[in-house]
């Protein structure tokens, strides 16, 4: 049929488009001669670092393709365990059960904290831990009760796959209840933009993600910042991990090594985290 | 030689028809198969009426069913009068060129991507609703329903117009000959004749509203509880699938989204057969 | 009847959506003559024509009983015998419809279309056949300069003659015409009537017509349908 | 008297409804253009990379929408390529071959499929990919191939229905023309019926393309990711415009990224409008000139 074959040139063009590879080379030496695809998914706190590292590597060596997806720590661990991705990130340490089941290798490359955040317009910028527990449990539900405006408190939380949620729930709320009134968002980035939008919201994000669009809330007098996390004053701290199934090889290994290189550490720092060692 | 060609062609057509139609069956089979462990363990009916509390081991999808119901019903409340009015305009009330232009425009509107409604909704409507009612975050049932209502209005309007178009010309001529004005023709001839077709339109639009993912996911707040008022956040079945898809593949959380899938599937089937039944009844009457 | 018989129809009944259209029709048609089928509308004249070339089999919910025998290539053959190829039959029993129905292609391609369907590939032979058919249909002189024009640019009368030429190109033995002139003006009608009279020597023509004048002008025999059967 | 009031009320009500809908939609579009017009320039698509270099795939684009646009393009081409042969063949079967009983069953199945929420189809695609991954090959996971297949399921009913409707709408006298000249059933379909219905089928295909280009729910479950660069193989993950818009709406890092979201929305909107107008133009009967064969 003549009518149908018109699609053919389009198809050919698109296959060419997909097949042609850009050709020029650059500097990041260890990636010289490598090629292929690297799939990364999982923890959303990691994304800015992953994106920047991937960008540098792909600029230097166009034969390498790196794709980055979110999903949360649970997804990262699960997907790398199943072999769907090469690197699964998590914002919590994988459990012994998970490590055993998938033969995971853990690589902690940064220290991070999880801090409560509110909109910069909100006058309430300090809470006690008990106040915060009450807020998230739904017992305190108006900013007026905390010295703010007479408006309901809008609580934002993360989905069940989130490592940020797991850490905040364990260390920040002492495994207390989170009200079912809470809005659910799917990533650190989404949490930040939700709080930046909502003057009456409260949520929690990776300390590395805190910028001028949201205001950190001091907890028992300690403001969650990179410094307070580093010197141990701020208690809700955690590591950022990249996990692989078994010992990493090839491109995967080089990518993880890059995170520990001076260039990698610089990226980690610039994104607001504390590189390990 | 030619005979064989004919036969091969017919078989090819038949095979592709069977392959295409088997997709419908395969989807249901997959949903049931994947969701079976949880449905067996908890009971399908129990899943439908229990709350969602993963830490207590309860993976019921009742809040999502209620959330879906509230949002889609409310969006119908928004869309129905709008569609009714617009279809009146197009059918008789507006002058010819206006009605033609309006129809083209509304057809064009059906092509606006869903994600754009959601995107603009977040930055335009959410803050407005929050400040208007001075309550909640603005991510709520009402916001989602308003945007969804605007989104399904063009579709519903076109369904209405189609059912108006199907009325035999002779009825209209008869009414005109008796001196009916345009509005009278609409109220006393067109509307009574098109009732069933319009019901079809409403049901199909409801199907659209229930099946939409992005608007509710972006605008309804996604909290997992039965909303107490339209200003509270809620989660739909579709948004639940999009949110929980990330969970561990063997976990009951993950299994529960297949229960959502089955519910959505059964709902689609119900809508389809209802519409087919109504169209059949309409066809018989003529 | 003195002439040789071409078509024998026995006990033919036809129903459409469980409604009887034809009941127990028995009739013969003579070779090399023009037979007119007349009668009020809705008594199944067109349907009757379609039973002769089995075209009704493409209608949904239609059913037929009875036998039709046509003398093809010198011997009587049961049209509904399992060995009878429908496409072969339709090449020998051609049909022209009430409204001219040229296909959306050039005049040349329209005429050559049945040859193409039959698998003919020789261009020279086709060109020859096209010219021959157009000459038979008295259309050649009018269109010979514009064979590559879209057939739909012709006038109504020309279009109908084109359709007749298209039907003639395979040299059928029987030509069925279903009110071929009802949508045409007086002049075109006269041209077509003359054309049919000229064709009589070569083939057997069955013509459904409402115009009694036309019927008496050109037909040798008249068959009148009424009440779903034949009365004369 | 009472009926007069009802009639007048109806007129006012109708105009009011029209006004509300139009102002609602123009608010939506107006806001989008007001906020986004500033971002509409070449660097929206290509970032800092020279456009020609990017198009020739000589240089990668990191800041622009180019990978997302290319991803959407490849995705649409693939999905339509899967859907067309099956859709048209099935449409032909339904219109020309199927008996009434078979037709009723198949019609019902396709009606159900066409009403299926896209997230359910996405979920099917996702679990199918995981299933394949576990039982067949480690290479398969949510990817371009799976997405395009799932999307083709989504649009298959469109193509089937338009093909079927176009064929069934052909009047009987044209249907019988070639048959009376000795055409076989297949010849009649391919030489007469399909050429006659090309415009209908084409407009169905274009609407299907639009549906593929705008759908988000299917691809977010089956392989679209936040960052992947240009799609390289059928088994790789990819970026796509609608997913990009969704992603930006929930997690833009700064106002610059947000601007890009507005820009992407406008680009997608234009794309869909263009497809829609094309479909309309074709349905309008352009086909008779375009597809006329001398």
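Per-chain numbering from 1; labels A, B, C and D assigned in written order.
Assume a residue touches a chain if its C-beta (ideal position, glycine included) is under 8 Å from a C-beta of that chain, and two chains touch if they have at least 3 such contacts.
For clarity, every value in this text was computed on a predicted model and none was experimentally measured.
For chain D, the chain whose average C-alpha position is most distant is C. Distance from per-chain Cα centroids to the pooled protein Cα centroid is smallest for D.
Centre to centre, using the average C-alpha position, chain B and chain D are separated by 18 Å. Distance between chain A and chain D, defined via averaged C-alpha coordinates, is recorded as 33 Å.
Chain B and chain C have Cα centroids lying 53 Å from one another. Chain A and chain C have Cα centroids lying 79 Å from one another.
The multi-chain contact residues of chain D, meaning those touching 2 or more other chains, are 85, 130, 184, 250. Shown for chain C are the residues that touch two or more other chains, of which there are none. Looking at chain B, one finds that residues 2, 122-123, 249 touch two or more other chains. By the definition of touch given earlier, these chain pairs are in contact: A-B, A-D, B-D, C-D. Within the complex formed with chain B, the chain A residues making contact are 71-72, 74-75, 78, 82, 151-152, 154, 159-161, 180-186, 194, 197-198, 200-201.
On the chain A side of its complex with chain D, the touching residues are 1, 3-4, 7, 10-11, 14, 17-24, 37, 39, 41, 44, 47-48, 51, 54-55, 58-59, 62, 65-70, 82-85, 185-190, 192-194, 213. Chain D contributes residues 100, 172-184, 187, 191-192, 195-196, 288, 292-294 to its touches with chain C in the complex. On the side of chain D, the complex with chain A involves touching residues 57-60, 62, 70, 73-74, 77-78, 80-81, 84-85, 88, 130, 133-134, 138, 141-142, 190, 194, 198, 201-202, 225-233, 236-238, 250-254. Against chain A, in their complex, chain B makes its touches with residues 53-54, 63, 122-123, 126-127, 130, 134-139, 221-225, 232-233, 235, 243-244, 246-249, 253.
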